[in-house]
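Heads up, there are several structures right after this.
Heads up, the next two complexes both have chain A, just with different partners, chain B and then chain C.
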Partner chain A sequence: MTEERRIGVYVCHCGGNISDYVDVKEVAETLAGEANVEVASTHLFACSDASQQEMIEQIREKNLDGLVIASCSPKLHMFTFRAMAERAGLNPYEYVHVNLREQCSWVHKGDRPGATAKGVNLVRAGVAKAALTHPLTPLRIETQPRVLVIGAGAAGMRAALALADMGLSVYIIERESEPGGWTAKVGRMGPDNRSGPEVAANLFERIREHQHIALFTDAELTAKSGHIGDFQVTVRLRGEEDLSLNVGAIIVATGFEPYRPRAGEYGFGLPGVVTLQEFRRMLEACEGPLTHNGRPVRDVGFVYCVGSRQEEGEDCPEPNAHCSRFCCMATSFSASLLHEVERKSNQTINQYHLYRDVRTYGRLETVYTQARADGALYLRWDPASPPRVEPRDDRLAVTVKDTLLGDEELEIGADLVVLATGMVPRQNDSLNDILKIPKSKDGFYNEIHIKLRPVETAIDGVCIAGTAQGPKNLAESVASALAAVARTGALLKKGFVNLEPLVAKIDTGRCVWCGECFNACPYGAIEKIHIGEKEVAMAIESSCKGEGGCVPVCPRDAIVIEGYRDDQIMAMIDASLEEAVPA
Partner chain B sequence: MTKVSSELAARMKAMEGFNAGACFHCGTCSALCPLGYKILPRKLFRQVMLGLEDEVRTNIPAIFSCLLCRMCEVNCPQGVHIAENIRALRSLINRQEFGLQ
Partner chain C sequence: MTPLDGKGAPKILVFSTNAISDPGIDRAGSAHLHYSPAVQVIPLPCSSGVKPSWIVHALERGFEGVFIAACGGDCAFLPDCTTRTATLVTRAQTMMKEHGISPKRLKMSGLCSVCADNFVAHMNNFQEELQCVEA
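Coming up: the complex of A and B.
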């Protein structure tokens, strides 16, 4: 330890949450006499305005240069107390948060002396860390008021329009030669019978008219560098010409891929077995009676949950566990479209819908109700005995155990069997290599928090929108696109962003560039630089998350993470073992 | 294994009053039936819609035992006209099985 510090230690009762199980007074009194501690006291609620005011006055009065508050989880109030320290004139990074509630009182409810002793050790470790803090300044990054949107489907186009309406400039790039994505190919959509191509054409028209949006088709992202607020990206047009762009943020709306059944899966490959997408195209093209193989169609079987909610098995080593959300509604809506054909062409078509659970949630329920009212018959099967589809004479035989009839095995003769194929992630390997957005178990891009941060990714400044994040119907895709716009707008309209200075620092004197840290970093925050003749690693502060994967792999011990430096961690360990291992 | 046939269903659909498509198999009707016939009425209607004629035939005693008390009908969450359906079915059976006009 270098020089004596003047640290304030405050132990919170949390209104009994802590003080019922930890003797907070004893903790404060024990710490009061220890090295570097200028003052130690307790507060009923340290987070309350009155307590904060009291602490602020004491910090100023006693000229404190370090602060430890032992209270709840840092997730709850670390930022509260950092802000308080700043108001008191202290550097917020000279504040150390000790979790005395989740990590002590709540888990040792039956042992007051033990909990109190542990509390002393935890606070002591906090003081040891605080004694080794020094003032840090957040990194201030100027943001560029331009956005790159990847994917010109419904989600991407809707996001582009909303961003442009905020006054931001938007580049929207599309790999295909036409914008519109799956929406433009789907035909009519439930529950309101809107035409997908019309929805897509409408968005495209508005984009063309908007002076702040530039749309590039036949365009792919080939390189990305920089950081939140200031990315350099390269877009390859028509596979030949490169375009360099400078943007402040990126929205990834790359969509989904329809599930392609394996050969033989529910008879896939047999004549008359089609996917939902293929069936919809048949309906779109149909004028007059619906025919197959030159014969009018009389019986149609629909198999739900194809490629969704799969269970692991020999023929399915990598199951899609997710529900694809849109298919129950889309298939039940197809029932109504088929009923329409039936009425128009005076044809009798019997519909058998073989489902596992009908998930037409919310308003979509009307689609399911309508289908049944029109005569579609729903039969429920159990995944333990899935339906079988086999050729029979020149038609198809579908065998199903109907659980609603007490598992009675039924054989349905069918002219067509429609497989309600779900959504799977797109195979975008080259894009994934550039963006490095973590994926969830199901292979879709992962959000930071499924409930509270549903469109932000682990890469700062990069949001995901639409079905790139997971299966959604169109309304949900647009909602997620607009959520991504809100986050992006909040970032770029402010003009700058402050980043945590708790990042990696590399001692270039020690570093010999072995590349271990470069390989360990999931955020692409390490780059190779030259100092004279020597190659060394440098941490890009604006990309670094302070996650620390680089620290233990460095064979030269050349890396530290600010706020978690080796000397701080060692001091914390020593302090918390002070009583157990006498010096 | 029972073969599904659309013939019976088509004949029933053609009759005024038969509606069972809305049924979502909650079982309220079976639970409330004062006669305690498990088949009444939800499974029966399903057999009709699937055209399982043999099953329907074996259940003729149950179909004609129904009291038409409508306990099931007033409690049906999907508004299926259960009593009307039973009447329609009886009428079809009278004609088809017993040759009554």
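Coming up: the complex of A and C.
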């Protein structure tokens, strides 16, 4: 039997948000007389400074060794109260948070006795869990002041410069033989008409001059071990020589691939049907009139949303549901570039932009406005009847139902049809095997939280930047790269990192090494070790995510996650079912 | 549909997940939706970590149903989380049958961090269904 604990239970009114629907006094009074509870009381606002001070004094005075606070959702104040516990001299992991607002008072507003009885059960479960806590220490890891940046496109290079300016050393590796990525290949970019190759060359020049950055081209990551703050990585140079590096963090800026249409998709494969990227290269190379097949170009059709916002169908079993963000702007900007060719060479070129929605958001709207002012025609189609592109008398015929003209079917003769091809995830199977960053449904790398943690990944110490995460224009790519720099800088400039100790623990007495947990862990956090003659599994604390995927697969019941141990969960279940004692 | 309230409403234990489904369940609260107080939640890090033995224990001790509010496709830890959780459910149902408990007393559904309405609908439906389950 475990020793009696001295737990403090504090039930919050939340200024009426809880106490209007739950009798908090009854909850506290019921708990006050129960096992392991030394003191139970209520607070008007437990999170207020005054209440925290009062609780701290009581914890010290009564020498409490556990703490349960029943208040709002743990997403709001779990860390507040963990810090308070620490200030009071308690181990923060001997604190248990009970969600009495979002999961009780607010959802049972019309049933005060029911809500109060449930409140008692919730707090009882919290006490049962707290009674089985023991002090845990966060794992403190010294961090190495060096960063590996994967990918020397605009995002990777911009990140490297910002990190180096912070005083961190940066290794930037690029698979291609030239840095610059797609930015170096794109030509002029809207809305400010800057040259992509110039932007890339400027970044590269600054990198070359920076004493804290080493850039390797023809370089690929071939191995990664270690953990946040202290990774060992191997980089293969020119396919032969291996370079070993020790870095504290990694930023993945591996970019995107342009969508490659299927044969026949909007006429792709027919002479004169080109992708947006091919068309931009034609414009860059064009001196004088724009010609195709030796003839001056008179009519150009643009089909938007090719490879983006797709719907599942027979010819598209794995649709790209995402919007590629940059293509409406880039295609409308191409209209202006084409108008420029027209003016310079005194050529007349009619432009037909067949779009679904024009998403030139924010100030990019000026690009769309300019294109129309210069004479580009925009026609809207519906995905239920997409445009058709067919060969017609040495030219192309584009048939479209214009939804803004009452679905009237128009046939447009064209010399060129430009498919506004979007972004798809880059094929990087070997890198994915090494980094193990979770991917989202669209195949791009996944952030931890789309809004609040937009550049961190489930792999601690590894951030994503730029279009490796999903479609972005250049400005957004650089913004995300600098966000990744901020997170990485905050981690490495501090010099150390504390990791949550709520991770897997293996009972080596029970374990007989069957390998099930090893197979269940995608993070390489399970290692086979020898204890004397016996082979057993050991969890590597710094690599373990604490999600518990290994726990139910263990046939010997030898694994627990701290904070969610079997005895704690069982005790919570039992405590939840005790009959409420009337006050 | 009228939620089943007060005494006699089937007690449901929900296993939620800290990053995905628990925020979705919180959202039902923030939106001041309503479900039965016989529903009680224990949050865990991820639904792939639920042990079948916990489920059987909960049902033997007096919960009438267990609902796993799974991470689904949004899981930040395991890309195959749904498959893993589904495997656990199958294992748990086998174990439940061995203990003479109807497998209908266990349900699982992916619940996202904004799935407030879904959660409430699941709870109401599950309570209705549990009233017809015999074993």
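Here is the rule we go by: the second predicted complex is superposed on the first by the 575 of 583 C-alpha atoms of A that agree within 3 Å, B and C clash if a C-alpha of one lies under 4 Å from a C-alpha of the other, contacts with A are read in each partner's own complex, and residues count from 1 in each chain.
In the analysis below, a residue touches a chain if its C-beta (ideal position, glycine included) is under 8 Å from a C-beta of that chain, and two chains touch if they have at least 3 such contacts.
Because the structure is a prediction, the values reported are computed rather than measured.
S.K.: Does the chain A-based superposition show chain B and chain C clashing or fitting?
M.R.: They fit side by side.
S.K.: Per the contact definition in the header, classify A:Thr143: touching chain B only (first), chain C only (second), both, or neither.
M.R.: neither
S.K.: A:Gly546 contacts which: chain B (first), chain C (second), both, neither?
M.R.: Only chain C is touched by A:Gly546; chain B is not.
S.K.: Given the superposition on chain A, which partner contacts more residues in chain A: chain B or chain C?
M.R.: The partner making contact with more of chain A's residues is C.
S.K.: Based on the superposed arrangement, let me know which partner A:Asp374 touches: chain B (first), chain C (second), both, or neither?
M.R.: It touches chain B, and chain C stays clear.
S.K.: Report for A:Glu411: first if it touches chain B alone, second if chain C alone, otherwise both or neither.
M.R.: first
S.K.: Upon superposition of the two complexes, what minimum C-alpha distance (Å) separates chain B from chain C?
M.R.: Least C-alpha distance after superposition: 34 Å.
S.K.: Need the overlap of the two footprints on chain A, from chain B and from chain C, as residue ranges.
M.R.: Overlap of chain B and chain C footprints on chain A: empty.
S.K.: Okay, in this complex, where on chain A does chain B touch?
M.R.: Interface residues on chain A, with respect to chain B: 298-299, 348, 350, 352, 369, 372-377, 380, 399, 402, 404-406, 408-413.
S.K.: Going by the contact rule at the top, pick out the chain A residues touching chain C in the complex.
M.R.: 73-75, 99, 101-111, 113-115, 117-118, 121-122, 125, 438-439, 441, 446, 448-449, 458, 502, 520, 522, 545-549, 551-552, 557, 561, 564, 566, 569-570, 572-574, 576-577
S.K.: Under the touch definition given earlier, write down the residues of chain B that touch chain A in their complex.
M.R.: 1-4, 6, 9-10, 13, 19, 21-22, 24-25, 42-43, 46-47, 49-50, 52
S.K.: For chain C, which residues count as touching chain A in their complex?
M.R.: 5-6, 11, 13, 18-19, 22-23, 25-30, 32-38, 40-46, 48-54, 57-58, 61-63, 73, 75-79, 84, 88, 91
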